[in-house]
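Presented below are the structures under discussion, each in the form of structure tokens.
You will see two complexes here that share chain A, one where it goes with chain B and one where it goes with chain C.
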Partner chain A sequence: MRREGSPFTGTGAVFAKEYADHLGSARMRVIEALVVIVGVVVVWVAMRDLKDKVTQDQFIFLRLFTYAPESNPVNFAGLLTFLIPLVAIGLGFDAINGEFNRRTMSRVLSQPIYRDALLIGKFLAGLATLATGLIALWLLVMGGGLIVLGVPPSGEEVARGLAFLVIATAYGGVWLAIAMLCSIIFRSAATSALTALGIWLFFSFLWPVIAPAIFDGILPLIAPQRVLAGSATADDVAGLLDVQQLIMRFSPTVVFQEAWLGVFSPDQFTEQQIMRIRLDPRLGHRVIPGSPLSFGQSLLMVWPQFTFMVAGAIVIFTLGYVSFQRQEVRA
Partner chain B sequence: MRRALVLLVSLLSITIFPALAADPPAQPRVTGLWLITEYPSTVAKPGETTTVKLKLQNAGLAPEALALSVANVPQGWKVDILGGGQVVGAAMPAINESVTLNLRLELPANTAPGTYPVTVNAKGATNNAELKLAITVGGDVAAKLSMKTRLPALRGTPKSSFEYTFTVSNDSGKDLVVRFAADGPRGFQPTFTEAFGSNEINQIPIEAGQTKDIKVRVGLPRDVAAGDYTVKVRATAENVTAETPVTLQIVGTPTLRVSGRDGRLSGAAEAGTASPVIMIVSNEGSAVAEDIELTGTMPSGWTVEFEPKLIDKLPPGEKKEVTAQIKPTAKALAGDYIATLRAAAKAGDSASADFRVAVTTSTLWGIVGIGVIAVALLVLVGAVARFGRR
Partner chain C sequence: MSDDLVIEAKGLTRRYGRGPTLAVDHIDLAIKKGEIFGLLGPNGAGKTTTILMVLGLTESTEGTVSVLGHDPLREPLQVKRRVGYLPDSVGFYDNLSARENLIFTARLAGIDKAEAGKRIEESMARVRLTDVLDNRVATYSRGMRQRLGLAEILMKRAEIAILDEPTSGLDPHATFEFLEMIRGLKADGVAVLVSSHALEQVQSVCDRVALFNKGKIALQGTVEELGEQVLGLRHDLLVEADGQDIAARLGKIEGVSAVEPPGSGRGLLVRADRDVTAEVVAAATRDGGRLRQIRAIEPSLQAIYNRYFEGVKDAA
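Entry: the complex of A and B
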């Protein structure tokens, strides 16, 4: 039987209600406090150090996001790599099963809205909440930077900062989709939260250890004969490194790290590129050191990472959608 | 033949020299005391000091103290006799020896022109000597300078150094301060130095009768045309001038220059794709540059092709656009690289310029990324269509 009208009728209503609920919830207060306190402390420490150590820097504002003082080797962007999944999971782990547990699901669905609208509305509301928090934090950092550094950011720095915001939101979208998938699959909110956190722990901390092991395992299968014989060319090694990096990139955390490094480090090669040059010095021949990449080139460099995160979020959301559609909703 | 000549000469010497030794030229043996000067009649200027060199010669007489005095000194003149740099009143030459003395005359500024006789006396107990001098006042001594050079014409390219060495003589009877100058075509820069010195000078004192070697180096403007040029080198002192023309024969050379269009030495190239960079080869020299070969030093793995590959002829003052197709390796990392483009003429001159080539990466992956998102969205839409419930 064909349904009538758009499946997304009522998305707006669900979005508005969910967004309001999120912003008003006690959970949001805790998340906000966590984000603001941690963010401000890290940036304040970085700024205090930057003011003393850096005399001239074209991208001084970007250093606020990436600078890690020796005493406290955590930079702002690196910290967000861990904080964003936590916040996203916090916002999404009981999105669907919460409705079931409060026995409100049938009441919501008795309204003239489809399940599609409910799911997408909840997802978008979570994403909007996350984005609101990120924008606030971003403004906080930029404003603090203005006060402490006393120089206005250049247009390019602002553009790069905004690109980071978009990338961070996409990264949050991946984790929000994962958290919502868990909330659809598991009826218990605690199980859902634990599973989502488990996935987060796995990809953030275990995957960087497991990936090289997997690579070592498949190395005999994929490596050309001459590499196994001990006479690898630079091209072979570069190719194998690409494979290893590809395995690493199954973790959204690794992808996000690559993306923000690309956006925030216009004047230096990324770690991966430096490794490439070390392997194949011809690539670094006659390079003008310290010449910054244009914004467009930086964007082009991180574009695959960004699209990976967006597409990943959509695919995970689709999985959740399919799973949700197949569930039975009883009164 | 030569041997016979040598033999003849030696035979002659044997016969002649003993004859000379046996019969020395008869020298009149004179005894006496004389006051001598080489120039008994000299010229002096009012208000100035003139020195007359004297010699008190004792020939075959017993030494004795001789009191020195000057007689007939005109009113107002200051006269001193100096010996060994000091004022002396007496002299005592040994037998067959002489004492050198200086008569210093200080003339008042208002001395009337004319010839003044002055007598110098040396009086001893037994012998006297007297010297009559005529001092002429008013006849001005003309300064006289001359200069000559051994190599008055040099040949070279606009880049070579044209250096002429001059010998400047002060032929007048007094010390002069000589100033140097040179007149040449516009843009020619003369520099004067001592012949074996590096200090630049524009004037130098030359004592009376002495010579000095002076080097003049003529700097040329960069764009000087081939041809013969004359530079007049002048030495001036007081109101006399010596002048010598020197010739510069300038042979034209091509001088190449490589630049970018509008002076822009940068370009962008996509990794793995040839991109054109416009370079401008100009000839700023004074002769036609022939067979200009174009080459480039690129980061490794890059290729460069020029269109045209070779410039047959480039007359002076003209420029030509060359398109260099620069192709970075497909694996090149985004960033700025140095590419050196070089133009070399067959005869010598070459020029190069460093171009900054910004490597951009292909936007292909960006489109692929959008495609990936589109596929994901399609999957979602498909799921909505397949699993949508009433």
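Entry: the complex of A and C
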């Protein structure tokens, strides 16, 4: 049975209202404060430590995002790995239950729109708010870097920065979808926020510890006999490393870290990446170890991670969509 | 479906979960164009569920409902475009002004911007909220919120207005004002479906009512019809007169079954099973008696309701 009319009727109206609400809300003030503080700190560190290396480093603007002083081993991109989920959860944890608690849900749904419009409009508005903050932060860092370092970024550095913005927004989308799913399942905003934060803690801090343990546990079951006997080929090792990495990649945090490393560090590879490059015919014959990857090659490297995050966001959003469609309207 | 019916439900049923109890149990409703129809009954009797099924916001387990000739589940946009809904204790976005709230609704309803601006001014004037149009809704009292909800329905130019417990929690004055506004909707030719557990309040505005109990419609019709059906044909009078032995004199009139003090106020309640107005006047004014007041007592819904469910309980 086909539904009458378009499911997107009213999406624009919901998007415009929610986006305006987000931008005018106290939460946005907090996000803005974070953006300014993070931006200023990054530029300040760059001024202190990176200024002297301008002439030696081809990717000095990318170092702005990946450089970490020895005293505090958290770089800008690493910081965003934690910050983006927090902001996304902050924007989404009360998206749906908030409408019930304000008793506006039945009134809104009695207008000639489908529930789709409400959910999609809210998701896109959250994503747009997040992207707005990220773009502001990126411009701040690039602008500050321009002043402090005294050289303009190359076209490739700008392109890599833009690619990072897109990837970071997709990562934010995953967490926004998780937060909105919680806001659909739990009627209490506090429960929803706590659950979303719990998921975030689990995947950010616990999963990197649990995943290797799981790998060690299943190793005897999956490893070929010769590996256990102590004579592994390079292919065996690469295959097992892939499995370990696969388990790690259940966490969106890990996937995002891989992605920004790929975009921002064209000349720094992990052991495993070098091995992959050697084994992968698409990359192998074009990459000379030790020399940086071209922008196109970097994109090719992080494409799976990017697709994974987009797909993850869509899957989680769909789960929320299905449970929202079945939800009783009465408050 | 005949032309003047705007809502028609047949055998409408809703079951929650797997239990044997039905929230709404095979009800039939037929609401005509331009009438005020009351869904009355205690909390939890199935009124809100019925309303949600009429709006297509909840699926029915069984039965059919047709709103303005459309099925609310298959053609929800058609139905929702022409029906206005004021939910029980309606909420608005507190951080926005009344005007901004209505602009948002107008956009959802697909009303173009210039037209919406005009309609918002008009409808807010009708519910007498023009002065506070640009105040944040957070500053609104409960009565003002209800009126804002009504303004939303007016702005939509709805052909059917569905009001769920619109007067609950309002003070007597606000209730009176709100009921006046409901009459105003009727004057515009809008069919009004109003639910309430406060029988007396709504009795005065409803053309017809349906009394709900445990998911079923126990009685349906005009208040007079229900009175006749449940209480029998009554011609009770309230008489206030000076003179000796007024009560005894009135009691002797043929057809009068009892003369007793009324529940409240002055005078005498004359219970009769035929129209005895002329005899009462004659009896009261005889021998220098002076008649101060005489009026017929309408059957009250509360009395009908109580009597009916007493009867049902006894039978059970």
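The criterion applied here is as follows: the second predicted complex is superposed on the first by the 300 of 331 C-alpha atoms of A that agree within 3 Å, B and C clash if a C-alpha of one lies under 4 Å from a C-alpha of the other, contacts with A are read in each partner's own complex, and residues count from 1 in each chain.
The rule is simple: a contact is a pair of C-beta atoms (placed from the backbone, for glycine too) under 8 Å apart; a residue touches a chain by one contact, two chains touch by 3 or more.
Everything numeric here is computed off the predicted structure, so don't read it as measured data.
Of the two partner chains, chain B is the only one touched by A:Val322; chain C is not. Of the two partner chains, chain C is the only one that A:Asp21 touches; chain B does not reach it. Shared-chain residue A:Val310: touches chain B; no touch with chain C. With both structures placed on the common chain, the touch criterion links A:Ala13 to chain C but leaves chain B unconnected. Look at A:Ser106: by the touch rule set out above, it reaches chain C but stays clear of chain B. Contacts of A:Phe264 after superposition: neither chain B nor chain C is touched. Legend: residue contacts after superposition of the two complexes on their common chain; A:Phe93 is shown touching neither chain B nor chain C. For chain A, the partner with contacts to more residues, out of chain B and chain C, is B.
When the two structures are aligned on the shared chain, A:Met301 is found in touch with chain B, with no touch to chain C. By the document's definition of touching, both partners, chain B and chain C, reach A:Tyr114.
Across the two superposed structures, the residue set of chain A contacted by chain B and also by chain C is 1, 3, 114. Contact residues on chain C toward chain A in their complex (touch as defined above): 48-49, 52, 55, 57-58, 74-78, 80-81, 83-87, 89-95, 104-105, 107-110, 149, 152. Here chain A touches chain B in the complex through residues 1, 3, 7, 114-116, 238, 269, 273, 276-277, 280, 282-283, 285-288, 291, 293-294, 296-297, 300-301, 303-304, 306-308, 310-312, 314-315, 317-318, 321-322, 325-326, going by the rule given at the top. Against chain A, the residues of chain B that register as touching in their complex are 297-301, 329, 331-339, 356, 358, 360-361, 363, 365-366, 368-370, 372-373, 375-377, 379-380, 383-384, 387-390. Every residue of chain A that touches chain C in the complex is listed here, in rising order: 1, 3-5, 9-10, 12-14, 16-17, 21, 24, 102-104, 106-114, 117, 328-331.
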